[in-house]
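Two complexes are shown next, each including chain A; its partner changes from chain B in the first to chain C in the second.
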Partner chain A sequence: MLNQPSKYQVFIVEDHLAMRKAYAALIEREPNLEICGLAATAAEALQKIPECKPDIALIDVSLDGVSGIELIEQLQSLYPELLTLIISGHEESFYAQKALQAGARGYVMKQRVQLISQAIQDVLNGKIYLSTQMKKSIFG
Partner chain B sequence: MIDNNPLLPKKLPKSNLQDSNIGRLSADENRPDNNTADAVVLTLAAHLAEAQEIERRHLARALHDEVGQNVTAIAFTLDFIQSQLDEPDLPIDLVRTHLKETLDLAEQTTDRIRQIVADLRPPMLDDYGLIEALDWYADHLAQITGLEITVQQTYFAPRLPTAVESMLFRIAQEALTNIVNHAQAQSASITVEAKASTIRLTIADNGLGFEVDQPAASPARFGLLTMVERAKAINGRCTIESQRNQGTRIIVEVPR
Partner chain C sequence: MTQPTIKVLLIEDDEVDREATRRALSSSYSVDTAAMGHVGLQAALNKPFDVVLLDYRLPDVTGIDILPDLLAQNLPVILLTVEENPDIIINAMKLGAHDYIVKRQMTPTALDHAITNAIEKVALKQNIEEKQRQVAKQAATLEQQNRQIRDLALALTLAQQQERRRIAQTLHDNLQQILHGLHVRVLLLNTDLQPEQQAAGQAHIEEIENLIDQALEVVRTLSVELSPPLLKGDGLDVAFAWLADQMKQRHSLDVNLEGEDNCNINNDDLRILIFQMVRELLFNVVKHAGVDQAHLKYFTEDGQIKIQVIDDGSGFDPETLNNHKKKGALGLYSIQERLNLFGGNLEVQSNPGQGTIATISISQQPIQL
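Moving on, here comes the complex of A and B:
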C-alpha cells in the first residue's frame, strides 16, 4: 500500500458558526489540507492549538474580546513557526498592515471566496498573501 | 446631549486660544442676544432633525436598493440553478455562468455592506482609537478626492473616552467634508495635540475661507454650528477661524 502524502493541518478561528462551517467546507475540498480544529474565540484557540499542532491558522480579524490581530501577536510569541492568515471583512488598506506587523503571513477578504484557498496555499508555500492592490500599496 | 456623563471629562476652563483678528465663531464668543440665540437653536435643531432624516433615508435606500435587491437576485439565481440540477441534460455551461454571476454579486454586496458599515462607524475607531482612525480616514479621503491631507499628533495616553473619540472623529469628518465640498483647497491638515489638561484637535485648510459673520440661517453655517454643538456635547469648545482667501481653521479643545 502506498503511503498517503501527509496533509497540512489547518486551524480556524472564527466567531460566526456559519462562517466556520463554510471555511471548513472550503478547506476540506483541497486535497492537501485537513481541518485539525475550530475555535470561536481567542481563548478557545489558545487552549486547542497546542493539542492539534496546526501548520496554519486562519483567523478572523474581529473576535469577541481579544481581536484576531492580538491573537496573532500571542501566537507568534508562543509558536513562532505557526503560519497565520487573517480573514477579514474590514478595510484591507488599514488592517492588512496591522496584521502583517503582528506576524500574519497574509490577509484575505472574506468576500473573496474564490481566493481563500489560494491564500492558504500561498502562505503554506512561504509567500505573503495580499490583494494585488495592497501589495502595490505596501511594496510598491 | 451627553452632559453629566461620568465617562466624559469635566468642563473645559476658559479659552486659552490666542486672540487674533481672524473671524471667529465659537460656542462662547460672538454670542447672540437671547432671542437670536433661541432662533438659532431652533433652526439648528430643525436642521439636525432634517440631517438625521436624510441620513436614515440614505441608509434605508442603500440597504433596500443595493443590499436587499442583490440578495434577492442571488436567491433567484440559486433557485434557478437548483431547478436545473433535475434536468436530464444538465446545461452545465449555463449553470457555471449563473454561478459565476452569483459569486460576483455576493462579492459586490459584501463590499457595499463594508462601505456602509465603515461610513456609519469605522471599526478602527473602536479597535485602535482616534489617531489611527483619523489617519485612515485622511488617507481614504485623499485617495478619493486628490486633496493632500496630513495628520500630525503628539502622543498621549490613555485613550480618550469612547464618546469623546467618536465626537472628535465626527467633527474632523464633517470639517474635511466641508473642505472637499466648499473650500477649493489644495491641502488640509489634522493636528491632535496633547496639552497638560486638554486635547486640541485642529483641522486647517488653505482654501477659499469665508466670512464667519454670515447670517446664522445660511446653509454653510449649519455645518459649523453642528461642530460647535458636538464639541459642547463632550464638554469641549469649538472655535472656527476663517477669512476670505486665507483658509479656515477649526479648533476643538476637550478636557483630558
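Moving on, here comes the complex of A and C:
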C-alpha cells in the first residue's frame, strides 16, 4: 500500500447548515485538504477543536452569540499554532483589519467563492490572504 | 318661581345702627345679627350666608382683623364705616373687601345695590376660579397625553429600529447564506462536469453565476441599508469609517473624518439611530449640495456628543425647513423629531451658496430607553 501524503486538517465554523455543507464539499475537492470537523457556534468549535487538532480553521465572522472575531481571539490564546481564516458576507473594509488584529491570517469574502480554496492554500503556505485592494488599504 | 331669600349677616355693635340697618333690609333679605366681631365670625363659620355687612369699629376687634377669615369662606363682605376714611377703606379693599358704605350715607337702595354687586363679584370670581381649575385640569390632561404620545413615538421608533434589524438579520443570515451556498454548488457542479459537458453548459453556468451575484448584491445592499452591520461595542469611529468608505464606493462622495477616540454612544439602538441620521445627512450632501466632498466631525462638548456634517456646497435658506412639504425639508424635520425623542437636537446652519453645517447633539447619558 502506498503511503498517502498527509492532508491538512481543516475545521469549519459556520452557523448556516447549507454553507457548512457547501464549504465542506468545496474543500474536499482539494487534494491536500481534509475536513476534520464542523461547528455552528463558537462554543461548539471550542469543544471540538482540541479533539480534531486542525491545521487551519475557516471561521464565519457572523456567528450567533460570540462573534467569529472573538472566537479567533480565544483560539489564538489557546492554540497559537492554529491558523485561522475569516470568511464573511460583509465588506472587507469593515472587518478585515479587526480580524487581522485578532490573529486571523486572512479574510475572504463569501461572494468570492472561487477564491476560497486559494485563500486556504495561501494561509497554509504562510501568507496573509486579503484582496489586493484591502492589502493596499492596510499595508499601504 | 321665587328667588331664594338672600341671607345677610350683619356684624354691628351699635344697637341703633344695627336696628336701622336690619330694618332697611328686612323686607327683601333674611338678616342675622352679631354685636361682637368673634361672635359674627363664628356665625359665618357655622351657617351659610350670602353676604356679610361688617362694621369697622367693633368692641373686641376691628372689622379689618376678621376680614380675611370671612373672605376665606368665599363670602362677599361689605365694610360699614362711620366716616369716609381713605386709609381704612383702601386697606379693606386691598385685603379683598368687596365694597364699603359710609353709615350716614346708607339708604335701602345703596345697601341693595352694594349687596347685589358684592354677590355678583364673588359669583364671578368663583366662576373664573372654576374655569381656571378646569383649564388647569385640561392642561394637565393634555400634558399627560403629550407624554403618552412622546412615549409611544419613542417606542415606535425603537420598534421600527428593531424590526429593521430583524429583517436585515434574516436577509443576511438566511437568504444571503443560501445564495452563497448556491454559488458554491454551481462552482462544484462546473468542476464535476466532463470537459465536453462544461463547454456545452458554460453559457448557462456563467449566467447562473451572474444572476446569483446580482441577487447577492440586492440582498446585501438592502440588508445594509436597513441596518448597518455594526458589531456590539464598535465605536462611532469604526461605524463612521465604514460609512465614509460606503459613501465613496457607492456615491463617489469623499468624506473626511475628524473625530475624538473616546467619543461613543453605548446604547446599541441609539448608536444605530445616530448612524442612520448621519447617513441621511451625507445623502443630503450627495443629492442637494452639488459637491463631491464632505467633512464628518465628532467630538464631545459640555457633556454632549456632537456630530457635524459639513459641506461647502450650494446651501439653502434654513427658513425652508419650516415648510415640511419642501423637498429635502421633511428628511431634516424627521431627524430633528427623532432626535428630540431621545433628548437630542439637530441644528442646521446654511445660506444659499455658502454650504451647510448640520450638527447633531445628544447627551452622553441619554434618556432611559
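Here, the second predicted complex is superposed on the first by the 140 of 140 C-alpha atoms of A that agree within 3 Å, B and C clash if a C-alpha of one lies under 4 Å from a C-alpha of the other, contacts with A are read in each partner's own complex, and residues count from 1 in each chain.
Rule of thumb we're sticking to: a residue touches a chain if its C-beta (ideal position, glycine included) is under 8 Å from a C-beta of that chain, and two chains touch if they have at least 3 such contacts.
This is a predicted model, so every value here is computed, not measured.
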Chain C versus chain B on the shared chain A, clash or fit after superposition: clash
Chain A: partner with more touched residues, chain B or chain C: C
Which of chain B and chain C A:K110 touches, first, second, both or neither: both
First, second, both or neither for A:A22, with chain B first and chain C second: second
Partner chain in contact with A:H90 - chain B first, chain C second, else both or neither: both
22-30, 148-156 or 184-192: stretch of chain C that collides with chain B: 148-156
Touching both chain C and chain B, counted on chain A across the two superposed complexes: 62, 67, 89-91, 93-94, 110-111, 113-114
Interfacial residue positions of chain B with respect to chain A in the complex: 103, 106-107, 110-111, 114, 118, 122-124, 127-128, 132, 136, 139-140
Chain B contact footprint on chain A (complex, rising order): 62, 67, 89-91, 93-95, 98, 110-114
Residues of chain C that touch chain A when the two form their complex: 172-174, 176-178, 180-181, 183-185, 187-188, 191, 213, 216, 220, 229, 231, 238, 241-242, 245-246
Interface residues, chain A side, partner chain C - complex: 15-16, 18-19, 21-23, 25-26, 29, 62, 67, 69, 89-91, 93-94, 110-111, 113-114, 116
